[in-house]
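What follows is one structure encoded as structure tokens, with my remarks underneath.
For clarity, chains are labelled A, B and C in written order, and residue numbers in each chain start from 1.
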Amino acid sequence: MVTTVFPKSIKSRPIYGQLLPKHGTRHLMIADGEGATGLTDMLSKIKNDRSEFLNKSHIVYVPGVNGVDQSDVLVGLGAAQFYKSPTIDAAMPRLRLILQDARMGIQFYLSGTESLMGRVQTAIMETGYTHSAIQMEHRGSLSRRVQCVHCKGITENVKIDPFKCGHCGLHLFVRDHYSRRISAFQGVNIDAEDPGVVPPSEERFL
Amino acid sequence: MIGDTKIKVRVTDAVTINPLIKQFRFVSCDGSDLPAFSSGAHIFVEMEDNGTRRLNQYSLMSTPEDLSCYTISVRRDDVGRGGSVFMHNSVKPGMEMVISHPINFFPLDVRARKHLFVAGGIGITPFIAHMAQLLGQDHKFELHYSARSHGLGAYVDHLKDIYGSKVHCYFDDKNQKINLENLLRGQAIGTHVYVCGPKPMISWVRQTAEQCGWPDQAVHYEEFLAPPTGKPFVVELARSKKIFTVSTNQSLLEAIEAAGVDAPYLCRGGACGQCITNVVSCDGEIEHNDHWFEPDEHNEFGTIMPCVSRFCGKSLVLDR
Amino acid sequence: MGINIKDGFFSDETFREDFTYKNSPQAIKRFPFPFDRDDYMYAVNLEPHTKGREGSVFEFAFDVDEHYVSEMRDRAMVLSEDPLRCQSLPHMTLAGWDLLELIMVSKARDYPKWFSLTKDGNQWHWINRPMGIDQKFTFLDETTLPYGPMEYITRQTQGDFSLQDERDGNLWMDAGMITSQADWSLDFDIGMNFMEWHAPVPLAHEKGIFDRALKYLLNLRLGAPVRRYNWTMTIDPLLDTAPETYPIWGPTRATLEKGNVGERMNLRVEVQALFRLPRSNAIAFSIRCYLVRFEDLVTVPKWGRRLHRVIKELHPDLAVYKGFLRNRPLMVEYLAQFDDGAPTSPGCWPDE
């Protein structure tokens, strides 16, 4: 599974890189779905003894919403801590506590879907830690979290465009305009000017 | 084009703090409040020193909330260009001077959960304003201050009195050193570190922070940049049709100003890009001393930053 | 809040539903027409925000006109319906105080018959006669005002405001009062940096407009504010054209007809000014919106001719982004009546 390459877009559309091992006092690795191999690919870049790095590592893994479960490649790695959570929501309380007590010198490695990486990034930012030092590599599903600009409700796992807001029912088109603070793309009413005229949905974010 | 309005001030105090450092206090000539500023800001103080006009940069150390006066501290540098010597020897209470509006290249990151200050010598000055600012706002901070000795550590006792256990001092003559690695490793996530002092100290803090896994955006520094001195050289200004010599202790920018030509500037230390000037022709070598361009970009753009850069050769013509 | 019409200056009008908004002849003459030539493309059109021509919208730092009281009433209604239009991230309170001081000092100096400010150390006394406000408070103490400082003062000031924190070589929009915007969401964009919140603007990024503008703004100094224009089109004099309420005002775009273009189509001009703030080192960005119906605008012959030419030749991407591509033919047809092909003088001012 290779790193996702996104088409060129507007400046607020996040761009993800490739994970690299860095100096740190602790390494927090979080992944979902195919992101597990994003983590193992990063570890394979460590030239010498990996055990020093892994002794300082804490891995949190969530199987993909698409059913992909790569936890077996992570379990036996020898990380100081490994935890598998059923969903991103369920993992958040644990993550928040880790962040609350974290020290400077901690390194973050996120891999998987934009939804997972975005939500974790937002939680990290709430500690005052700068977002640009959080490493992120996209792998797997392109499905998006979309916030309806009208009712503010967020619809998860949006794969089609346009789609129906899961909260207020308006038909929304999905913009590439993205907010790190909310960790979501913006959805705007598509038939405001001509109510009822809604183009057929395309599968854009599989 | 200078851009900033100047403020006419009067010196009310010129106090010797220790053998190297003198403190100066300014009030506005017309008795009005001075402009409010953000901690970390500096002003330029203009001085006419025997026909040479200099603008030296000094951090404001006064409390930002007190607009009745500005206070600065000047460390005497006997081998420098002469600005600090002038301040020490010639600036007396009652004297009228001209200063710039405050400008800030060393602000606090107000989102930080905690501010960790590392000061060396005269680098203590911006932190005095920072701590006064933070005390009023109930933010977490800590100061680690290194000086040659207790006697040469300006304001050590004063700071310990006000801030107590938040202040940690280290004196070279007692072989006391900041245990920087330990200090950095123990900070809670969301801490920012700020360093101001001699160049080697700044490099040391930046490198240690990187090795400890701190992101660049959480490491802030201010270097007190002065234009380097060098051999005199001749320069021609194409548009103003002037030719003059830049002397040893004078920067190219100062020489342009002395020739009566207004040139844009902001930091006067090679860090902000405001003074970038096009080179019309050059027969010789330009000594690029700025921190703005990458080394290979200088030739690509055919420009020079006159606030810090110099020249050696047959002729230099600038588009000014 | 009653309208103070004692001196007959402030209008009592609406910017919604029945749209009783109208410009007096003086307001039309001083309208900030943004086109200085017969075509338009994005540029870094920043100029010093110094005291301008007497009687013009540029005379003072914060222009107060006949629409003041009614605009503030409309703002209060918008906020009551949607409080998310005014937000301030926790670290921006000091910047809010800087803005409060800037506006109060400016208005008390420039319009002394309407505003006064007396200071006794940190004990301040502010009087806003048109809005009937008499407030004593302690500067820098939020507990002594009914709202946070930015919200307090912007509820009394025409125009939208955003406060930008400067860090990491960029500007971050970390607070704002945005109730008269041209279709962008504060709630979504708050926290973004300069490049990110401008991301949706077509063409300008490729031209390097934002790189140059950012570099310029990072060097913005205390006491040296700058200004520029932006413009778009709005059907009916509706101030609140936020994306949040798009389902409400969007449908009106399809209701423009040949017979109502003059009355319902409005040129919407934003006079934007940027100020460096002293204690927070942040930048205040004011976005002051002026609306004029086409039928009023064309009473200035030069403007009628020029607007026709600008709209006719405008790059289609800009017409899409500004939301009027579908109505462009109707607008051009209407404006053509006022363009006899005669030359227009350079600059924005009407010919005397």
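Rule of thumb we're sticking to: contacts are C-beta pairs under 8 Å (C-beta built on N, C-alpha and C of every residue); 3 or more make two chains touch, one makes a residue touch a chain.
Note that this is a predicted model, so its numbers are computed, not measured.
Arrangement of the chains shown, judged by which pairs touch: all-to-all, with no pair of chains left without contact. Summarising the inter-chain layout, the chain whose CA centre lies farthest from the centre of chain B is A. Rounded to whole angstrom, the centroid-to-centroid distance between chain A and chain C, based on C-alpha atoms, equals 37 Å.
Averaged C-alpha coordinates put the centre of chain A at 42 Å from the centre of chain B. Computed from the mean C-alpha positions, the centre of chain B lies at a distance of 38 Å from the centre of chain C.
Along chain B, residues 111, 217 each make contact with two or more other chains. In chain A, the residues that reach two or more other chains under the touch definition are 130, 132.
Among the residues of chain C, those touching two or more other chains are numbered 168. Looking at the complex, you find that chain B touches chain C at residues 3-5, 35-38, 41, 64-65, 101-104, 107, 109-111, 137, 217, 266, 272-274.
Listing the residues of chain C that touch chain B in their complex gives 91-92, 94, 98, 101, 140, 165-168, 215, 219, 221-224, 278-281.
Those residues of chain B that touch chain A in the complex are listed here as 111-113, 184-191, 210-218.
Put simply, chain A touches chain B in their complex at residues 22-25, 99, 102-107, 127-130, 132-133. Across the interface of their complex, chain A is touched by residues 84, 168, 185, 187-192, 195-200, 205, 243-247, 250-251, 253-254, 326 of chain C.
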